[in-house]
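Shared between the two complexes below is chain A, which pairs with chain B and chain C, respectively.
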Partner chain A sequence: MRTTIRDRYRANRWWILRLVRLPVDIFVFATIAFFLIRLLPGDPVAVAVASRNEAVTPETVAAVRAQMGLDGSIWEQLLHFWGGLFRGNLGDSLQTSIPVVTEVFSRLPSTLELILLGLLGAFVACLVLGFVYVRFANPLLRRAVRFYSSFATTVPVFVVAIFLIVLFYVVLAWLPAPLGRAAGTLPVVTGFPILDEIITGSWSMLGETLVAYIMPVAAMVITYTPNLLTQLIGGLDRELEQTTTRFQVAAGAPRRWIFVSLFRRSLPSVIVVFGLFFGSLIGGAVTIESLFGFGGIGQLGVRSVQTVDFPALQGFLIIVVTVCLIAMLVVDLINMALDPRRRPGIEEASR
Partner chain B sequence: MSAQFPDQTAALAVAPRRTGGTIRAVFAFVPLALVVAIAVLAPVIAPYDPVTSVAASRLPPSPEHWFGTDAVGMDILSRTIYGARIAVQFGVIVAVLSTIGGVLIGTFIGLSESSSGVLGLLGRGLNQISSYLLAIPDVILGIVVVGIMGSSDFALTVAITLCLVQAPVKLTRVEVLRVRRESYLESAKLAGESSFRAALVHVMPNSIGPAMRNMPLIFGNCVIILASLGFIGIGVKAPTPEWGYMISSGLSSLVLGRWWPAVFPAAAVLLSVLAIAYSSRAIPRMWPLLAVRVKRWNPIGRKARA
Partner chain C sequence: MNTPADLSEALAIEGFSVAYRSGAELVPAVREVSFSLRRSERLAIVGESGSGKTTLAMAIAGLLPHDSARIEYSAARIAGRDVDMSATRSIVPVRHEGISMIFQDAMTSLDPVASIAHQFRTVLARTAGMGRRRIRQESSEWLERVGINQPERVLGLHPYELSGGMRQRVMIALALCSSPAVLIADEPTSALDVIVSQRIMNLILSLTAELGTAVVAITHDIELAAKYMDRALVLYAGRVQDICPTDELGSASRSDYTRALMECVPRLEDYDRDYLPTLVPTRRSDLAS
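Right, the complex of A and B next:
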């Protein structure tokens, strides 16, 4: 039965190899980040010492250096760093003495929740507008959709949010002030605020959170939809011309099926952009969190800057990029599942 | 940052119409020119000094202070105008630095990556590093770099350049890979030119095109990142009239119903970013026209074909 196992491996090689690459990617990136932040001009120790109101003695400098893990030669530091990386330990925050990994992961879920809501909203909006674009022949409508998609990637998300706040809070007074999610302390089970509130049954807090989410999510949808829409419209324009579509129409296939087939063929590039934008969404989420008073990884980052918390900054960078790399992995897997031509090695196999 | 790649090549394929094309293409640069003009002429246009208190604090918009005054009585109109100056200063420096750096690194990677030995190893390594850096969210990289270097204009410039240099690196590398196969390089080699000179004189001028066209996009992204970093509180130092910082310091009054300290700088960010984006979209249309002109003036100018 050896051949069966081998065949099975061959059929599934595409996702197995891609999964194996992830830890390698994370390791390589962490090493690059290690060198990058040490090669930067400027000395965090000097900055940290200067920000304290004490007399600067060589002893305090040495103590701060040791605290930051910046003592010893760079190779000793690297070995130490690698050791910590394999044990999932990126050092303790200087400010709170809590392991950086714990600190980031306790804040990450709420940020991810915001990003996922924004992304899903943008995705749905993109599909709806794409459908409108294909379904209705009205040139004005089509031009409006095209015009909206031409705003891709330009306006920062917090600027859009400011205008939403002015309109819906200051002028119309329909929505509450941008001052955090919900009053009261949130029970922490999973770290995802909405999920926690559902699990613990705090329905009034859930309501408040959902209302507080309206503006930030709307701002993210308005800002990030054009990026996806540009890709979708490009794909739709291309696929409409294809003989496949013409054949479907000529053969009298139901309208619904033509649309489904059209969208299925146009979506891969949208999903690629989806993954690429994950990074800029994390960046956008940081500004949005700071604007609406949500605690999240952005808050942690800003606090670490203000206190020159070197280990926290290093861990923060590595974990955020790890999340981005995982998002890219998911995008790759979805795309390879949707379209087998994207799987590596498929060319040799078919020959 | 990744969105810098898609529609440029597609737009390039469309040849510009000769008649009227030039005028339209030139008009497309009016918004960008306007932003730069406001930045350059800020001391002339701005009615008050941007960093001193000139009136009572928190005045609503009035004929004396069109945009009102902020929490310490500084004139918001003047600060918004000077904000353009800060944004353009950073934008130009970062765009020039990252284009030059990107072209140099990209050329090096493109030329060395397939050779064996130390150089090839270095080239492939740099290429990989650049791919990994491309995965870091801009704002996050900004936070980390400013955190380690301490808050200063220099740190901000390094942070934003590090975010934005990756696009010209990748664009130039791809161009160099194409140019490398051209026969004039072989001729140069046979004529006895050193490979360093060939890289400088033949390869680089012929592969800078995409990176140059990318420059206004870097400019626009720089404005966005600078405003974002200023907004979360790690941008330029306090009294400097920077838009992101102005918006975030106007937030507390926004909640209390005083909308003007936050809204005007936000509108400035919005308009300038849209203006820059609009003009940079016109560049692919403008580029061939420009190339034709330069070629006509200077028939042997190699650089015109870039």
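Right, the complex of A and C next:
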């Protein structure tokens, strides 16, 4: 049997199609963001003119309007916006006159780094506790894991963070004040603080950054692990009851393989929840970032709303949506790899 | 040193009882069952729903959940060796080495997310020193033995891509490729039509005969038992009513319940019968004694 290019395409169609859909989705959501921004109350032109400290005449207003690309009909503006979108140009911030794309990409990596550390930490903790849950028959241990998972969505992350600050900075004084990552500036290579500090060999700054990360990452791990754990325990309980597990045992599969299969069948819903939290934290990490004096993408969103900085707000929305879509893409691809029945075009036989 | 293992014995249990925990109470499901099987011997465990036949099979295979059942016995041996069959304290059940089990529905038994090749690998990987290529070759040979054409192609497929009959064959191959001493088949053909079920039964019997594997078939179908099995163990309310060669099931020396069960088999001349012989009240009182 020869495999043709056509066969290869057919075998890999599930992820190729999913990948091709991404730019289409981004385009659609960017266009929605364009209209949403224009529905907001407040006239950015009036704000901009007022900040100029000049006499307000119809001529200056018209000039500023044209400069901001807000002249012409909404359809002309849309075409202009699309043109910019394809060239990677989302306009300049009204507040700082810096291109929005530059503003966004100088802030996004540090937020991504923080939430990836927090969520991956929670994911690992969830796997470890899930393993404890099915590996050890001790009823007390199992009840403890179950009890911890019941904290899902009950305590907000900033409450845990404040508790940690009070305990480890104020009372015990084991950790430094929550005043940002590391003192001093370093040349930006990737924008990810830890990565840049490693690349440029700034070891003392790296140490400071890692210490500064302890409390916020711990707060995220403590808060988000129960959410992932609830999904995992539910999946494990369900899959343990399945004849599949019994048959694997009865056919003589080694225990290692039985555990691998059990987790593989239980993980998809955990990964979906991981993706949802990742998406909501892109903008939502601002609460924890401000508690610890970190800069991040969320601050740009807050500032642009307060100052009616519509290009910055628009850029912020588009970036948040894009990161969410990429997160969902990764979630889908991982889940389709874990469970082939999730791939498009597969009709499941009667169960 | 204990007495040397009896090589001709596949499975033996004596005074085997299983009770389910319900709160602080114990609800007996199987009471004082004893039987032994020689290599290649075929035993049917026959009974109605709730008679304890599946509980007995699961307990023997090691599949009962640790916290829900209490198992007691005076002796338990697999392939002539003493085995600890009291329920293990483990969340994931632990197999009693040498016993394989197959189930009614192959779709829910096979791993839905793994390829057939992967499922063979997990079972065959136990044999130390078997390389990937050897395992692949062995898997492919097993698929041929259960009558699957193009085994190389099927190895790359997932269970949802196979027909019901093929899934059943794959399940049988997976259960037998470790050459177990005993194969327990829980309602092996209930989900299949008559023709397919005949083929599957014949396949199970010819393969186990080659391997010298003893077969325990759990079934409510007394005709199937009479047709394919050497002996039958009739279970009612967890107690053995009869254990005898299948061709003596209808004879007058059998217990009332067994004879009633035989009468339940529909016959053309009884088409207008409006009661079940096993439910006649007088016979129930006999059983209580």
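Observations
FYI, the second predicted complex is superposed on the first by the 305 of 351 C-alpha atoms of A that agree within 3 Å, B and C clash if a C-alpha of one lies under 4 Å from a C-alpha of the other, contacts with A are read in each partner's own complex, and residues count from 1 in each chain.
Keep this in mind: contacts are C-beta pairs under 8 Å (C-beta built on N, C-alpha and C of every residue); 3 or more make two chains touch, one makes a residue touch a chain.
Since we're looking at a predicted model, the values are computed, not measured.
Of the two partner chains placed by the overlay, only chain C lies in contact with A:Thr244; chain B stays clear of it.
After overlaying the two complexes on the shared chain, residue contacts for A:Val321 are found with chain B alone; chain C is out of touch.
When the two structures are aligned on the shared chain, A:Leu39 is found in touch with neither chain B nor chain C.
After overlaying the two complexes on the shared chain, residue contacts for A:Gly252 are found with chain C alone; chain B is out of touch. In the superposed model, A:Ile5 lies in contact with neither chain B nor chain C. Once the two structures are overlaid, the count of chain A residues touched is higher for B than for its counterpart among chain B and chain C. Of the two partner chains placed by superposition, only chain B is touched by A:Gly301; chain C is not. In the superposition on chain A, A:Ser261 contacts chain C only, with no contact to chain B. Residue overlap on chain A between its contacts with chain B in one complex and with chain C in the other: absent. For chain A in complex with chain C, the residues that touch the partner chain are 133-137, 139, 142, 240, 242-255, 257-259, 261-262, 264-265, 338-341, 346, 348-351.
Those residues of chain B lying in contact with chain A across their complex are 1-3, 6-7, 128-129, 132-133, 135-141, 143-151, 154-155, 158, 220, 224, 227-228, 231-234, 247-248, 251, 254-255, 257, 259, 262-263, 266, 269-270, 273-274, 276-277, 281.
The part of chain C that touches chain A in the complex is made up of residues 58, 61-63, 66-67, 89-95, 97, 99-103, 105, 107-114, 122-123, 125-126, 158-160, 162, 171, 174-175, 178, 180, 184. On the chain A side of its complex with chain B, the touching residues are 25, 28-29, 32, 36-37, 40-42, 44, 46-47, 50, 150-156, 158-159, 162-163, 165-166, 169-170, 177-179, 227, 230-231, 273, 276-277, 279-284, 286-287, 290-291, 298, 301-302, 304-306, 308-310, 313-314, 316-317, 320-321, 324-325, 328.
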